[in-house]
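Each of the next two complexes has chain A plus one more chain, namely chain B in the first and chain C in the second.
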Partner chain A sequence: MVSTASSYLDPLLFAVLPYVVFFTFFLVTIQRYRMRTFSYSSLSSQFLENRRHFWGLVPFHYGILVVLTGHVVAFLFPRELLLFNSRPIRLYILEASALIFGLLTLVGLVASVARRFEVSKIRKVTSVSDWVLFALLLVQVVSGIYVAVFHPWGSSWFAASVTPYLWSLVKMNPDFTSIAAMPLSVKLHIVNAYLVIGFMPFTRLVHVLVVPNPYLWRRPQVVRWYRRPGPSPAGKS
Partner chain B sequence: MKRLTNRLSFLSLCGAVWLVVGAAAAQDPVEFFRQNCTSCHTIGGGRLTGPDLKNVTQQKDRAWLENFIQNPRAVIDSGDPYALKLFEEARRVLMPTLPGMNPELAKKLIDLIEAESKLEESQFKGLQITDRPFTPREIEIGREIFLGSRKLANGGPACFSCHTMKGLGGLGGGRLGPDLTRVYERLKGRQGLGAWLMAPATQTMRPLFGKHPLQPDEILPLIAFLEDAAHKGGEDTSVAILNFFFLGLGGAILALVCFDAAWRWRLRGVRQPLTEGEIPRGA
Partner chain C sequence: MNVRSQISMVFHLDKCIGCHTCSIACKNIWTDRRGAEYMWWNNVETKPGCGYPTQWENQEKYRGGWERADGKLRLRSTGKGKVIFNIFHHPHMPSMDDYYEPWTYDYQHLFNAPEGPDQPTARPISMVTGEPIDIKAGPNWDDDLGGSPIYAENDPNLEGLTEEQKQQLSAIERLVFFYFPRICNHCLNPACVASCPSGALYKRGEDGIVLVDQNRCRAWRSCIAACPYKKVFFNWFAGKSEKCILCFPRIETGQAPACFHSCVGRIRYLGVLLYDAERIEEVAKSPDEELVEAQRSMILDPWDPEVIRAAREAGIPDAMVEAAQRSPVYKFVKQWKLALPPHIEYRTLPMLFYVPPMSPVMASREQNEAVEHVSDDLFHDIDAARVPMRFLANLFGAGHEAKVRYALRKQKAVRWYRRALTVGDVEMETAERMLREADCSPEEAEQIYRLTSLCTFAERFVIPPEHREQAIEMLEDPGEHRTTAGFGFLTGPGRAM
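Now for the complex of A and B:
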């Protein structure tokens, strides 16, 4: 029964869904940028409050950037990665590093979602689609960590089995035979990744497409805040 | 915008369905047989999991064979006595319904088996493996192939990527596929293991090793290594998963401590007065 359901679902999930989500992603992203340019931000996350925000912002972004880079490297340079992994000690170091950054992503995500839920100023600028996105990201990160721990060594088998599948999608000739027999957690991780990509243009995640990279090398700016004298901070809420 | 999005999403769905249907290209029966059948069958090389197919058309009529190849489960479930006999002889291992199979391909496969049966030595006779004891050097080479330190000639990935075994040390091998400590026994010795390694039949391994097949001089040391492991016995009962998880957890905690130490006071001198100082309304 399960295999029958899987034989119907797999073509939909691994050969049709990717094209649907990428088409949606490009279409809605461009459309949103042209029609609602000023919606291209993540709205206020009370960035200046740094005590709690730090534990969400920093671990999440460092974690996700490293983990995503790892996925891209395995996609672009599979042979080189397999060569690197041909010594177990190098494989162990790579996998442990990936797990560390995966766990940092989880810590950051949980901290960010908790802060967003508890601080009313931020909750007010969080839409329903943002909450859905957080749920999708949570599933993505937890399933990724589960796969890393219970189905190692992903850096090698991704390069050997998942990369050819992804390239078959790029070449418009989808071949998901190597994915069809993967454990459920791996399939969940892949399908959920498609959902995140498809859902991304409807959410605050579009900010990744307009990262103000020049901030990294521009000259420092002095910002002056003119403030009228107010009552003593002791009485504020 | 919503209407446009809906229309284009529908178009993308239609396009994607067309791509999947269009991908069902004509199959070469020789390559199909090599990739899908040789792990369980030979033509003139003796029985593996499934029967030797030499002269199979003299044992059963073509129409029955073509029907069986297309959907073995359905024929067995129908109670066909010959299909049930085959099923029992194969130790109740069910022949899979192969992706891409259709009446035309089934006919071509029977033609191929018929033609190969007439040859003195079929290309699908299978790997003929020596009965002599393996040397320690062959076992060592097999271990190097398993771990990946000895590269496979056709560029296939090392077994270690997906499989673990008892006695590998460190954090062990991968756990996407099964523990291979006793695979030699599970596949009934050298012949079965050799046939499997010639053309691995699982859905995950078939696409990989169909494009990057193992060479006979790689298969032999691997059999030596796996036979040696089976003789030593046991299963991989190490706590490698736990060790790996705690290694990651420890590293993550250390990274958080480093983040805190490096950036705890970063910009706080600027931000704190901005967020804690009150700005009166109308300012």
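Now for the complex of A and C:
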């Protein structure tokens, strides 16, 4: 499995690239937030086209949210996950639902891309960075589904092999031996994920960083006073 | 008592001539930009008619405003629970098709067309895609189309009218309609603000103007669905919400908003109202038939020493209170009870009030007589008029006729009184009796007449000094930016990457 090419490439892709993309990610998102807050927008196109928007955006978002949550759980609670998977029936159910949500994501993504291609109004508001982002996301979702189908039980081997690798990155002591032995599709999925993260600050994807959680506990009306010092009292009705 | 000040408005519908000057003034200043072409922060509708966006009053479709549910107020379109589900795709959001696709014409073709047997034409070009389009709708598409079967007949305010009344609205040669200019109402209980997940919309404490903080807007679109008047717009190019700002830069420099300033019919009045902010929720929860009165009752008397004291305590400058005392809006809304809020059943407590129109009502009766026939019931024709009372009540009385009837009766009494005074074809005795029956004294009638017909610029617009320059200097030191950078935006508000 370990060819000469990959012995040069692997350190680059799995030990250097992650740091590069995370550095870019934090630097650019923070700087963009400070200098160009205005540009933080989901740039919704629902206003221009309503019906197909539903069939693209809804499956995509629900799908991706569930799948991402799965990844995060495997990253944070590998032991618990392995324990959960120790009964085959639970493992099958988990894997099957992960696949279903993955497919849901793909359906939504393809529908969104098709909509952007076919509706002329939407094409008009699609930028180069949107197209690049779509390409990256497509690679990501397709490779993810491929892995789920052809290298099953990912919920277990992710927790066993990928999680330690990711933690080694966090601890600034990258150890990618477990990754180096992985099939190509998995490697592609990981590298492409880094690309998505690295490219994200330059796209509309930054909207996930500003999801509005305070809404759930603030009071409905917002009043801002200019003559009264202090923070704008969100929540005075 | 928690006194707050609010810049409020009255539109006197009896005087609107439907010229759209107001809309153009606004468009030229604020919405002549990419992404905003289709927006009309000020628009003038023909009633009965579908309005802009089409059928905006149909809340079965758009789910705007608030509803009462088990003693609580709830947004119809969204809310804490629903916001998560609506954020990917808002089910009740209007799309561009509900407004219209903006266009221009290919004028260059008139100059550049190759020589040929036919005259070249300037084809309509979409301002979104740049491609030729077939125009299917436009701003104000049903202007003056009262009586038309596709537009007027679909007016949601026709609900509850008898078949006969509907027919009478569109009878051939006796067709009737009136104009309904609209801007954001700068509501006391704004649904747009309450719906924004990012907290980008806010009400200014000092003057109640409702604004969108575009640096915080993330295009979640909740406000667009939540405003029952459809007065928040989505800029499809910038990916941000926008709305009427009541020309606050003009107000802060003592000028009337552009639509007010330019109004040809002089139908617009602007002034300060003091109100009790503690009562907002309670008032907004009142039953339909009490809403108009409840909102009136939260507006405070600016001469009452108790109110003045509480206003000082709340940090309201004396100049603001003084402006409230001279406010024409206070007179129309509270003293004379002539002006009514539009669709208060949406429970946003709008602060733009309308004097219901009566010209077509009067002109409709006894076509050949200059002066109406006077029966024992001097006001009989108000109820028999061609714009059915129920229609006006649906617009201005939450479906209840009493307040609208009161306003119309008073207007009619004032007219007859003036007529007795100046033309002399009405007995003064009759006129005085009408005044009495309409709950109006001769002095009040004089004042109403003056403020309606002879009002000067300064009487129509009583703009309080806002002292914003001082307020801003408290927050930002202009010296800090000297020799380093410009003021305000360091980068223009361009579309994101």
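Just so we're on the same page, the second predicted complex is superposed on the first by the 205 of 237 C-alpha atoms of A that agree within 3 Å, B and C clash if a C-alpha of one lies under 4 Å from a C-alpha of the other, contacts with A are read in each partner's own complex, and residues count from 1 in each chain.
Basically, contacts are C-beta pairs under 8 Å (C-beta built on N, C-alpha and C of every residue); 3 or more make two chains touch, one makes a residue touch a chain.
No experiment lies behind these values; they were computed from the predicted model shown.
Asker: Taking the superposition as given, does A:Tyr215 touch the first partner, chain B, the second, chain C, both, or neither?
Answerer: Only chain C is touched by A:Tyr215; chain B is not.
Asker: Name the chain, either chain B or chain C, that contacts more residues of chain A.
Answerer: B
Asker: Where does A:Arg204 make contact in the superposed view: on chain B (first), on chain C (second), on both, or on neither?
Answerer: Only chain C; A:Arg204 stays clear of chain B.
Asker: Let me test your reading of the model: by the given contact rule, A:Pro174 touches which partner, first (chain B), second (chain C), both or neither?
Answerer: first
Asker: Looking at the overlay, does A:Val149 come into contact with chain B only (first), chain C only (second), both, or neither?
Answerer: In the superposed model, A:Val149 contacts chain B only, not chain C.
Asker: Report for A:Thr69: first if it touches chain B alone, second if chain C alone, otherwise both or neither.
Answerer: neither
Asker: Does the superposition put A:Val20 against chain B (first), chain C (second), both, or neither?
Answerer: A:Val20: touches chain B, not chain C.
Asker: With the two complexes superposed on chain A, say which partner A:Ser39 touches: chain B (first), chain C (second), both, or neither.
Answerer: Second partner only, chain C.
Asker: Report for A:Asn85: first if it touches chain B alone, second if chain C alone, otherwise both or neither.
Answerer: It touches chain B, and chain C stays clear.
Asker: For chain A, give the residues common to its interface with chain B and its interface with chain C.
Answerer: 35, 46, 48-50, 54, 58, 62, 225, 227-228
Asker: For the complex, which residues does chain C have touching chain A?
Answerer: 80, 83, 88-90, 93-97, 128-131, 189-190, 193-194, 196-199, 201-206, 214-221, 224, 234, 236-240, 277, 280-281, 315, 468, 471-472, 474-475, 489-491, 493-497
Asker: Which part of chain A faces chain B closely enough to touch in the complex?
Answerer: 11, 15-20, 23-24, 27-28, 31, 35, 46, 48-50, 54-55, 58-59, 62, 79, 82-83, 85-89, 91-92, 95-97, 99-100, 102-104, 107, 148-154, 156-157, 159-161, 164, 172-175, 177-178, 180-183, 186, 225, 227-228, 230-231, 233, 236
Asker: Okay, in this complex, where on chain B does chain A touch?
Answerer: 1, 4-5, 8-9, 11-13, 15-17, 19-20, 23, 99, 147-149, 151, 155-158, 160-162, 168, 170-171, 173-176, 202-204, 206-208, 241, 244-245, 247-249, 251-252, 255-256, 259, 263-264, 266-268, 271-272, 274-280, 283
Asker: In their complex, what parts of chain A are in touch with chain C?
Answerer: Residues of chain A touching chain C: 35-50, 53-54, 57-58, 60-62, 120-121, 123-125, 127, 129, 202-204, 207, 210, 212, 214-216, 218, 220-229, 232, 234, 237.
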